[in-house]
Amino acid sequence: MKSFCGAIFLSMVFTTLLPPVVNAQTREKGPWWPNAQWGAADAAGGSNWITPDKVLKATALVKTGRVIELGHVYERGMPLNGSRSYNIFIPSFPTHGPILERGVVFNDEYVAAEIGQVGTQFDGPGHVGQRVKMADGTETFVFYNGVPAAEMRGPYGLLKNGVENVKPILTRGIYIDLAAFKGMATLPGDYEIRVADIRGALAKQGLKEGDIEPGDALLFNTGWWRLWPDPKIESAPHAFAGRELIDWIIARKPAMIGSDSNFDGPEALVHTELTMKNGIWNLENMAFAAMANEKTYQFMFVFTPLPLKGATGSPGRPIAIL
Amino acid sequence: MKSFCGAIFLSMVFTTLLPPVVNAQTREKGPWWPNAQWGAADAAGGSNWITPDKVLKATALVKTGRVIELGHVYERGMPLNGSRSYNIFIPSFPTHGPILERGVVFNDEYVAAEIGQVGTQFDGPGHVGQRVKMADGTETFVFYNGVPAAEMRGPYGLLKNGVENVKPILTRGIYIDLAAFKGMATLPGDYEIRVADIRGALAKQGLKEGDIEPGDALLFNTGWWRLWPDPKIESAPHAFAGRELIDWIIARKPAMIGSDSNFDGPEALVHTELTMKNGIWNLENMAFAAMANEKTYQFMFVFTPLPLKGATGSPGRPIAIL
Amino acid sequence: MKSFCGAIFLSMVFTTLLPPVVNAQTREKGPWWPNAQWGAADAAGGSNWITPDKVLKATALVKTGRVIELGHVYERGMPLNGSRSYNIFIPSFPTHGPILERGVVFNDEYVAAEIGQVGTQFDGPGHVGQRVKMADGTETFVFYNGVPAAEMRGPYGLLKNGVENVKPILTRGIYIDLAAFKGMATLPGDYEIRVADIRGALAKQGLKEGDIEPGDALLFNTGWWRLWPDPKIESAPHAFAGRELIDWIIARKPAMIGSDSNFDGPEALVHTELTMKNGIWNLENMAFAAMANEKTYQFMFVFTPLPLKGATGSPGRPIAIL
Amino acid sequence: MKSFCGAIFLSMVFTTLLPPVVNAQTREKGPWWPNAQWGAADAAGGSNWITPDKVLKATALVKTGRVIELGHVYERGMPLNGSRSYNIFIPSFPTHGPILERGVVFNDEYVAAEIGQVGTQFDGPGHVGQRVKMADGTETFVFYNGVPAAEMRGPYGLLKNGVENVKPILTRGIYIDLAAFKGMATLPGDYEIRVADIRGALAKQGLKEGDIEPGDALLFNTGWWRLWPDPKIESAPHAFAGRELIDWIIARKPAMIGSDSNFDGPEALVHTELTMKNGIWNLENMAFAAMANEKTYQFMFVFTPLPLKGATGSPGRPIAIL
């Protein structure tokens, strides 16, 4: 436990500085690069922790083979952040044919959407950046592992840090039911979740902090999914992770976190401290209705980000196998 | 084995008729509906065979935890069938921000594509239909489980038979390397694959026909993936399943088949006999480069169709866990 | 005047029937086809009335050369009907380059929208159809000039009756300020505009009914444009044309009408009686702010539908040259 | 003529410098800003020359009222530059309805395209920029009238210099048939058009250089339209304007030029010298088939750029009224 505490401490010292502009960095060396564990070329982040041994252990958690869905269906009218859109069409009907003597027809769908940033969504390494003042005096935006805007920007997809670099998430999922711990359907919208809440929820579920290992997927239920699919909820406040919890998560080294909102607070620490700096990916807008009556809190968790070359995020279908 | 052979026989008798127009059917009773096994309301087809017990057995196949990717990356310029398109954009760069004092920015991607019918693609129950003459004298197109066009058509997604109805594919995958069996990198483009080829390939791999069980995913390598991503290959011929193999597959009751092409021949029997009539789903354009040096042919296979409400198909990231 | 009245009478007799389903028609002969004036192959409708001589007369109306814009700017957030959408992006920024030694860059925009059915919009011959029972007992939807669904439907654009068939509208525009005549900023939302209102408004402007000639563009101000661009207004009621006014318009034979709403009432007579049956096109959601202080009510009117092959409508930039 | 020659001389002296990077400019004063004629806030460029008096004169050119179309139809499969795309769909068919007792239906089209940069296309003030070194040492890209990237960039449309700022083009069009002058169907692909060619073509048509006035639209036929709509032609070379002709055009002060290609050569002088620096807009990919047998070379020219807020260009339907 010592090293964990040390890690937390150091992390807190560092991150509470949060200078408005990070100064005098170079391409080779900066506050969150090169990545100490996976090197300067890495774009897979926490998914690297999912070794074959970790996958094997995850499969060993499967006891019954029951499959629980943890994501929303993608549909017109679902909540969308800001100016994002989700459109789906069936071009004519049927789209193709009839062909052959027996009159065979085919339908297509056409989807026009910020596909990796709508509904249940997984933020990849190219989604979040921050202003940095480089040693040569110029300012730029820098992303995961120190990749500056100039190396990443492209009209038809990111040239680096595309979501296709993230490995499939096949690992232990640990479900942490914060709403149940607090005895609420949904946590208050302005509530900063504390580490004590996590510990309490784990204890209630028969787990403890020390059970968590690198490469796990930590899944937090705040009850916010209950508001879905009311399109107005994207602007509704939700319980969030603040500095204390962020540092605790970093010290746990999960491959990713997931929750039923974007889990972020007014300082956007989930996006910057977890995702951008530490490569701990974030799966937003999960759906936990199907977990309501489960008594199993550890399982094989499956989420395979769609390898859309140069995309900033990915849709998907997160699953717990119990 | 008796019942299997009987099933094959009946199936062949029925399907060799292939009348240009199927006559005098009703909404309640037709040549491929109601589905004998899952009832008139089913839209999940072969994925129903993936019971918890089946999932559990699949996880038991995992020996090392190594993850093998079996799909292509989605990218501009990849092969596209007919008039289909795949466009991805980064709106401005960065798309949002900077916000907060430290200058945080965010990128989105915008994708406009026949997203379930490009690249590695999974055909759902609403993709294929056929002309049918109903008992009342009218003609219509009928899809999986007898759903007629009038109940299914909608401008913004199919009203029935959307791909979101298909359950996650978490089952045993059986890899059948036809190209290796024939001693070729890629099978000839006009080659009709025979059941004898399947049996030979299985035997070469130490497996036999009788090992196959309902709910498996049968994955066929014809070597066609080697031509990817040359955009011209969509019109290039590939080895295909004809009547004999189709009937053999139907009798095996797999949840789905997959291959490195669309596996279909000039009569479109994969699309109509497997998918439309029997709900044996088809994953097209898989990538088998990573299987080249493997000696394991049974594994846990993971493919989670994206739950796009009302879509005809789905992109995804098929995976073998060895 | 006699023949006009006769025409109105006959028209009323015919149209007040409005049978729920029009019965027993053939492809060659139906209630609104073949078009009596322009033949069975026509898809230009009222734009045919704009002969060279008519264009020449319109140019003669230009006295000062002042240009008045009569349309809205197309922008994100504007009112949109139902599920329609309007998205515009700048892919990266700049989109292309830099090229050449001096660093030349280029920007593109990407627009994804029901482009002919958003904002200031012009309905073409393929936009509106109606159920018809054919002589052979089948039912189908029939569009302008009797084109049935089967001849027109295509996934990638209409196969017939595309808006590219409509000729450029270069004709006399007659502005009829109904709101001013009623002494209101905006007419009440449930108000059925009567022919007496038209006559009154014309008289107030020094014009009379008899001045109107075939091929003119009749432009009606109801004041509804004042609500633009509040996105909520698409569902707000507006003053509309009922049966009496529809018949009056048909008898006038304008090339098109235009107004600051879609001008249609609960029976959709503008869409069916004017557009579908008579090819009198309808320009919706015009903007009349710039006409507020004008004292000229006849002018050269310019509207050039965008020749998008197979489109149902067109955006554009309507203009009055005074 | 003296002042014209002087203007040409000065222009040539200035532009032959063409430094790789223009140095030490400020937002207030740079090599092509503020615009000497229309001030620092202008984004309408040459369309400002089209005064009411100019419009009036243009209408006086109309002798018969005959309308000649000078643009291509927009359609799938047309030539597209680089990665641009043009997709049109009919969502289902019909898209909406049936409604009302009589079964009224409606169709929409959905267009997804770089709509202002495909087919017959008009480049606006935000399309072209160039690298500039500012007096403060920073480098940026600067566009029409000195607007730097930082003031213009936005994900959902340009914040300045959008094409909606350009006024309707209602002016004299002068058709200059270079292919006819050279006695060719199509000029050679590597041919630099010289001022002598222009003078020769004008003389052949009974016109002379001195007839051209500020605000005219100069339309050049090189015969390249004959290759349309072969999708391969976008990469086919075409005759182009070099430095000499560019300077001659600048001295003429047209509102815009148009041609049947993009009229630009390897140095991109049309895009930078005409459009970016001088606000002389460029209408690309016009169609001149309908002019083949005309003997009238001056006419009322109509082109109304679509007011797409923040777009870089516009589609449209250019027209000559004879």
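General remarks:
We call the chains A, B, C and D, going by the order they appear; numbering starts again at 1 in every chain.
Just so we're on the same page, a contact is a pair of C-beta atoms (placed from the backbone, for glycine too) under 8 Å apart; a residue touches a chain by one contact, two chains touch by 3 or more.
Small disclaimer: the values here were computed from a predicted structure and weren't measured.
Taken together, subunit A and subunit B share the touching chains C, D. Common neighbours of subunit B and subunit D under the contact rule above are A, C.
Looking at which positions face the partner, subunit C and subunit D present mostly the same ones, since more than half of the interface numbers are shared.
Subunit B and subunit C have Cα centroids lying 46 Å from one another.
Note: centroid distance subunit C to subunit D, computed from Cα atoms, is 29 Å.
Multi-chain contact residues, meaning those touching two or more other chains, occur in subunit C at positions 76, 83, 87, 89-93, 95-96, 108, 110, 112, 153-156. If you check the complex, the residues on subunit A that touch subunit D are 83, 87, 89-93, 110, 112, 155-156. Remark: subunit B residues 76, 83, 85, 87, 91-92, 95-96, 108, 112, 153-156 touch subunit D in the complex. Residues of subunit D touching subunit C in their complex: 18-22, 51-59, 62-67, 69, 71-76, 82, 84, 87-91, 93-94, 96, 98-117, 126-131, 141, 149, 152-158, 164, 167-168, 170, 267-268, 271-272, 300, 302, 304-313, 315-317, 319, 321.
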